[in-house]
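What follows is a pair of complexes built around chain A, which joins chain B in one and chain C in the other.
Take a look at the complex of A and B:
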């Protein structure tokens, strides 16, 4: 066992001790669901706090090398930390601390129905694996942890296994994650063979000597593997199934953190392990990001399931992050290291921000689910009166994800715009066009995301409740509210204090790219590329607050009539005003369905049952307006059909006849003999 | 195509010639209304039209207030889509059973200060519909009315005079 920097090692061990306490403690207290719930998630909370300290020490420049050859074959278990790893550990901790706190309250209702010991155990393994994945320094360590992360999250996804759709979701997730795993395994093995070492730290130097074809192949395999975990289109099919099915604290972690480890892999592949590649790597990444962004938000915009909407929105945000990665790769290929660093900085910043607001939104959706037992937005409404604090937190998350100042999403998307717009410094028309495509997609994505979250917040929290449970909803307990408050606070702080995050991020990017990002910042302002664009988030926030205070104040000064009178909502003079008159989620999305009809290809049906006496009297009207899922229909179903057809063909070989099998053995034996001789 | 152009060329002007003399009066009237509205409401007049059971004759005349000849918008007077935005309710027709409650709700939903102008003979005394089984009564039986505009239907100028009368009553 070799180590350096004892402090880092201590912190590392404290982190692991926290997760072990949680995992083992949950199993020991299995008899009492209440204790299992508190011990299991409390341990995870301690572990996550340890991980945060560890990551901050790592970002401050602490290093660690931990080598345990006895634990695994082929090079042993090797852990190390640099700023990139530390950043992703910090991101994991940012999601895991509130998630563990939230879980203490959220899992209460699982008592008696599901094993809280099992949930606590799997949760600790899941979070611990996510903390360890960025620290792995050789192939086997990485793959074991990666698989551990996938399996633990699979078991968490199928917690509510008594429901058919949960099992289907789990199955799709299981298959997609293992297809990705297979691609990763193949890529890693090829890279290990070509470089002669399974150690990540030596790949960067060795990969430069590889020939282009094998580098291309390895890039594609690894990008597919990591892209499937990140949820890039068309590998996104598991997200909209698995995220709604999982318990909400797990969805928050999967969507906020786990898919970011796919981004971690992509960052390592593109900027560390394989070095600079041909132009199409970057172009491909950028275009895939643009498509994921636009299509992700378009699917999110029409979905009536609150958690599925958030899952599609994750696809969108991964697209935005990939725009930054692709941009950075293209800038690097055109010898503009400062801009490459800026684009990567924007991508990592957005990854961090997304972890904050998406976890927050999933927890908000979880609180709604907890209080009303439905995720269907068409049945919700009016919750702002019944759950005011949850509504406020969800609103903060919505504003942040819609990239409105003064919240964090605005700042990272602004940086992303600056970096992509600066592509005019490249003088190659094709590349300029690709960047222009990226900028246009990003603009469309941000606009549609704003519409999407107006809909998500408005339909869920405003107006009148549309079903009995929503009308009886109560505010959730304090642990869940505290977790959401922490994340809401993070959204504000990340949004108004750029120096706080950009300083360590800049150092991280410098470590990776060897160049300083073309960005200057101090406590209040951010300036991109020597004055190309600048912004002062703190002053924007201050200005907004002053403006909001100034409106009522100036109205009072102007002596405007301020007498108040309460009267019912204006409903065009209707005598009866029920929730059925409200704007529905489907209606809100319908204009978009019409404009983007090529994508949705909606199947509309109108069933009217008339009165038998006269067609002027209608008994029931049923209206269906289901969109179709293009990728499932055109990509996955034909593929599945092909696999099934092949399997049926292959069944002919499995005759069940023992004599037949003896013949196979004989033929195989003869063939082998012939081959060897 | 050629025949179409020929037709266009051959057809004389078919619209009626403008009657002269009325323009200046309308302008003076509208300026007066705007002036009074500014004093009472602190802004230009916003009108919500409520059809409480009209035959739509009055609506044609009210619609004429927005045509290119009268063009009330040039004086800042708007017909608005919700009583929440309105200062003035322009009510037409005998109030029918179905519209009595919505009319009351509309009045309630209009922020104070507000004026109500009953427009047309039906709004005044139910006109030819008086005593009908579907009719509740004139507008004044439902709402406090500030001014009444007689006529079946009243001319746009008379409607403006009615609004002015209602405003003068408040000033």
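Take a look at the complex of A and C:
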């Protein structure tokens, strides 16, 4: 065992101790669901707090090297930390602390129906694996933890396994995550063979000697593997199924944190392990990001399932992050290291911000689900009056994800715009046009995201409740509200205090790229590239507050009429106002369905049953308007059909006869012997 | 320091008190073009005063969002007035944000107004909200690409920087890209402010409304704030069009003479724009809602052309 920096190691062990306490504690107290719930998630909370301290120490420059050769073959279990790893551990902790707190209250209703001990155990393993993944320093350590993370989350996804759709979602997740795993395994093995070492830290020096073809192949394999975990289109198919099916605190972690570890992998591949590559790596990444962003938000915009809407929106945000990564790669290829660092900074900042607001939104959706037992927006409405605090937190999350000032999503998207606009410093027309495409798609994405979250918040929380449970909804318990409050606070603080996050982030990016980002910032303001663009988020926030106070005050001083009367909503003279008169989520999304009809390809059906006596009387009207999913239809179905056909052919080998199988084994053995000798 | 504060107060007052006049002038010009006498150009002031004197009637279904939105709308516009260089480029609070920040401040107002449209639970409000956010979202790429086009030639996205650069080197404006970017931005300004051919500000039929349908439930002082904010938004958009694309007369130094010149120049430019809008609104009919995306796609193409020409003709 070799160790340096004892404090870091202590913090590391404290973190692991927290998660172990949670995992073991949940199993020991399995008899009492209440205790299992509190001990399991309380342990995770302690572990996550430890992870946060560890990460902050790492961002401050602390290092650690932990080598346990006895634990794993081929190089042993090796852990280390640099700023990049520490940043992703901090991001994990930012999501995991509120998630664990939230889970204490949220899992209460699972008592008696599902094993809370199992949930607590899997939750601790899941979070611990996510904390450890960025710290892994060789192939086997990484892959074991990666698989642990996938399996633990799989078991959490199928918590409500009595429902058919949950099992389907779990199955799709299981298959996709392992397809991604296979791509990673292949990429890692090729890279290990080519460089002669399984140790991550030695790759960046050795990779420069590889020939272009094998580097291209390894890049594609690793990008596919990490891209499928991140949920980039067209590898996203598992995400909108698995994330909504999981319990909400797990959805929050999967969308807020786990997919960011895919981003972690992409960052390592693009800027550390493989070194600078040909231009198409960066262009490909940027274009894939632009497509993921626009299509992700378009799917999110028409979905009536509150949690699936949020899951699609994660696809969108991964797209935005990939825009930044691709931009950084292109800048690097054109020898503009300052701008490359700026683009990467924007991408990492957005990853952090997304962890905050997406976790918040999933927890808000979870609170709605908890209170009304439905995720269908068409049945919700009016919850702002019955769950005022949840509504406020969800509103903060919506504003942040719609990139509106003065919240955190705005600041990172603003930085992203600056870095993309600065691309005119590259003098290559094709690349310029690719960046222009990136700017346009980022603008469209953020505009559509604003529309999407007007719809999500407006239909769910405003106007009249559309069903009985929504009308009887009650505010959720304090642990859940406290978790959401923490994240809402994070959305505000990250949005108005740039120096707080940009200082460690800049150092992180510097460590990775060896160049300072073209950005200056202090407590209140950010200036990109020597005055190309500037922003003072704290001042904007202060200005908003000042005017919000000044406007009503001056109206009062002017002596305007302050009388106010309540009356029913105006409705063209109809007699009664009911929730049936309200605009629905489907209607709200209709303009988008019509404009982007090429993408949605909706199938419309209208069945009207008339009265037998006269066509002027209608008995029933049935209206279906379903969108189709073109990626599933065009990409995955033909592939699945092919696999099924192959499987049918392969059935001929399965005789069920033991003697037959013995023959197969003998043949395989002989073949292997022949091959190796 | 004192002069800077004076300038900031001046700019804010011009936007605050000038915006109803701008609305009045457009209405008057429209009336004249249509062969009517029209109301006085000062009618919008009287309207706002009347609304402030009336009691507010609020739907029983609404929440705090509905009551909060008019104040937030006015706030975002007032804050924008501090950032936009109305008279001078040396605005002391100009450091608060560049043109991108400004566009997102406008979007913040749109976001809340769309929520308020949904809040009363009427089908009209929801319809207006849905259409408004659809148009705002589709206009967004044009806005950013037009900004890209400007930034390419000016080398900056700061409002003051763009004006200073173009004022110093007028030749930069003699570029096809500049005119194309201007046209794209003009169409977006029409769409964002609910003018014809996208939305008819004078309509009385709920089913064709966009902006007006969203604010259908407002009355009294809340409606006064909404209308005033809409006027300020139009004023700010036209000021941006005037000063970014035709920066003649904008005060580059803070001398009284320069400021007076800037005020006169702004008045002339806004008058021309008001005339142009009146002309457009008299000569074209409102587009069918699902035709509007085609208009916006057209303006996006124009903006993209502006960028492309800038790459090739440096």
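As a convention for this text, the second predicted complex is superposed on the first by the 651 of 677 C-alpha atoms of A that agree within 3 Å, B and C clash if a C-alpha of one lies under 4 Å from a C-alpha of the other, contacts with A are read in each partner's own complex, and residues count from 1 in each chain.
Basically, a residue touches a chain if its C-beta (ideal position, glycine included) is under 8 Å from a C-beta of that chain, and two chains touch if they have at least 3 such contacts.
Just so it is clear, the structure is predicted and the values come from calculations on it, not from any experiment.
S.K.: Have a look at where A:446 lands relative to chain B and chain C in the superposition and call it first, second, both or neither.
M.R.: After superposition on chain A, A:446 lies in contact with chain C alone.
S.K.: Does chain A have more residues touched by chain B or by chain C?
M.R.: C
S.K.: Does the superposition put A:553 against chain B (first), chain C (second), both, or neither?
M.R.: It touches nothing on chain B or chain C.
S.K.: With both complexes overlaid on chain A, does A:533 touch chain B (first), chain C (second), both or neither?
M.R.: Only chain C is touched by A:533; chain B is not.
S.K.: Which partner chains sit in contact with A:493 here, chain B, chain C, both or neither? Use first/second/both/neither.
M.R.: A:493 contacts neither chain B nor chain C.
S.K.: Examine A:570 and indicate which partner it touches, taking first as chain B and second as chain C; both and neither are also allowed.
M.R.: After superposing on A, A:570 lies in contact with both chain B and chain C.
S.K.: Of the partners chain B and chain C, which touch A:418 in the superposed model: first, second, both, neither?
M.R.: In the superposition, A:418 contacts chain C only.
S.K.: For A:385 in the superposed arrangement: first (chain B), second (chain C), both or neither?
M.R.: Only chain C; A:385 stays clear of chain B.
S.K.: Once the two structures are fitted together, what part of chain A is touched by chain B and by chain C alike?
M.R.: On chain A, the residues that contact chain B in one structure and chain C in the other are 560, 563, 565, 567, 570, 572.
S.K.: Name, in rising order, each residue of chain B that touches chain A in their complex.
M.R.: The contact residues of chain B facing chain A are 42, 82-84, 101-103, 105-106, 108-109, 111-112.
S.K.: Would you pull the chain A residues touching chain B in the complex into a rising list?
M.R.: 560, 563, 565, 567, 570, 572-575
S.K.: Mind listing the chain A positions that touch chain C in their complex?
M.R.: Touch residues, chain A against chain C: 381-382, 384-385, 399, 402-405, 410, 414, 417-418, 421, 424, 429, 432-433, 436, 439-444, 446-448, 450-451, 453-455, 457-459, 461-464, 525, 531-536, 539-540, 543-544, 547-548, 551-552, 555, 558, 560-572, 577, 579, 581-583, 587-592, 594-595.
S.K.: Considering only the defined contacts, which chain C positions touch chain A in the complex?
M.R.: 52-61, 63-65, 71-72, 74-76, 78-79, 82, 93, 95-98, 100-101, 104-105, 107-108, 110-111, 114-115, 118-123, 125-127, 129-131, 133-134, 136-141, 143-145, 147-148, 151-152, 155-158, 161, 206, 216-217, 220-221, 224-225, 289-290, 293, 300, 304, 307-308, 311-312
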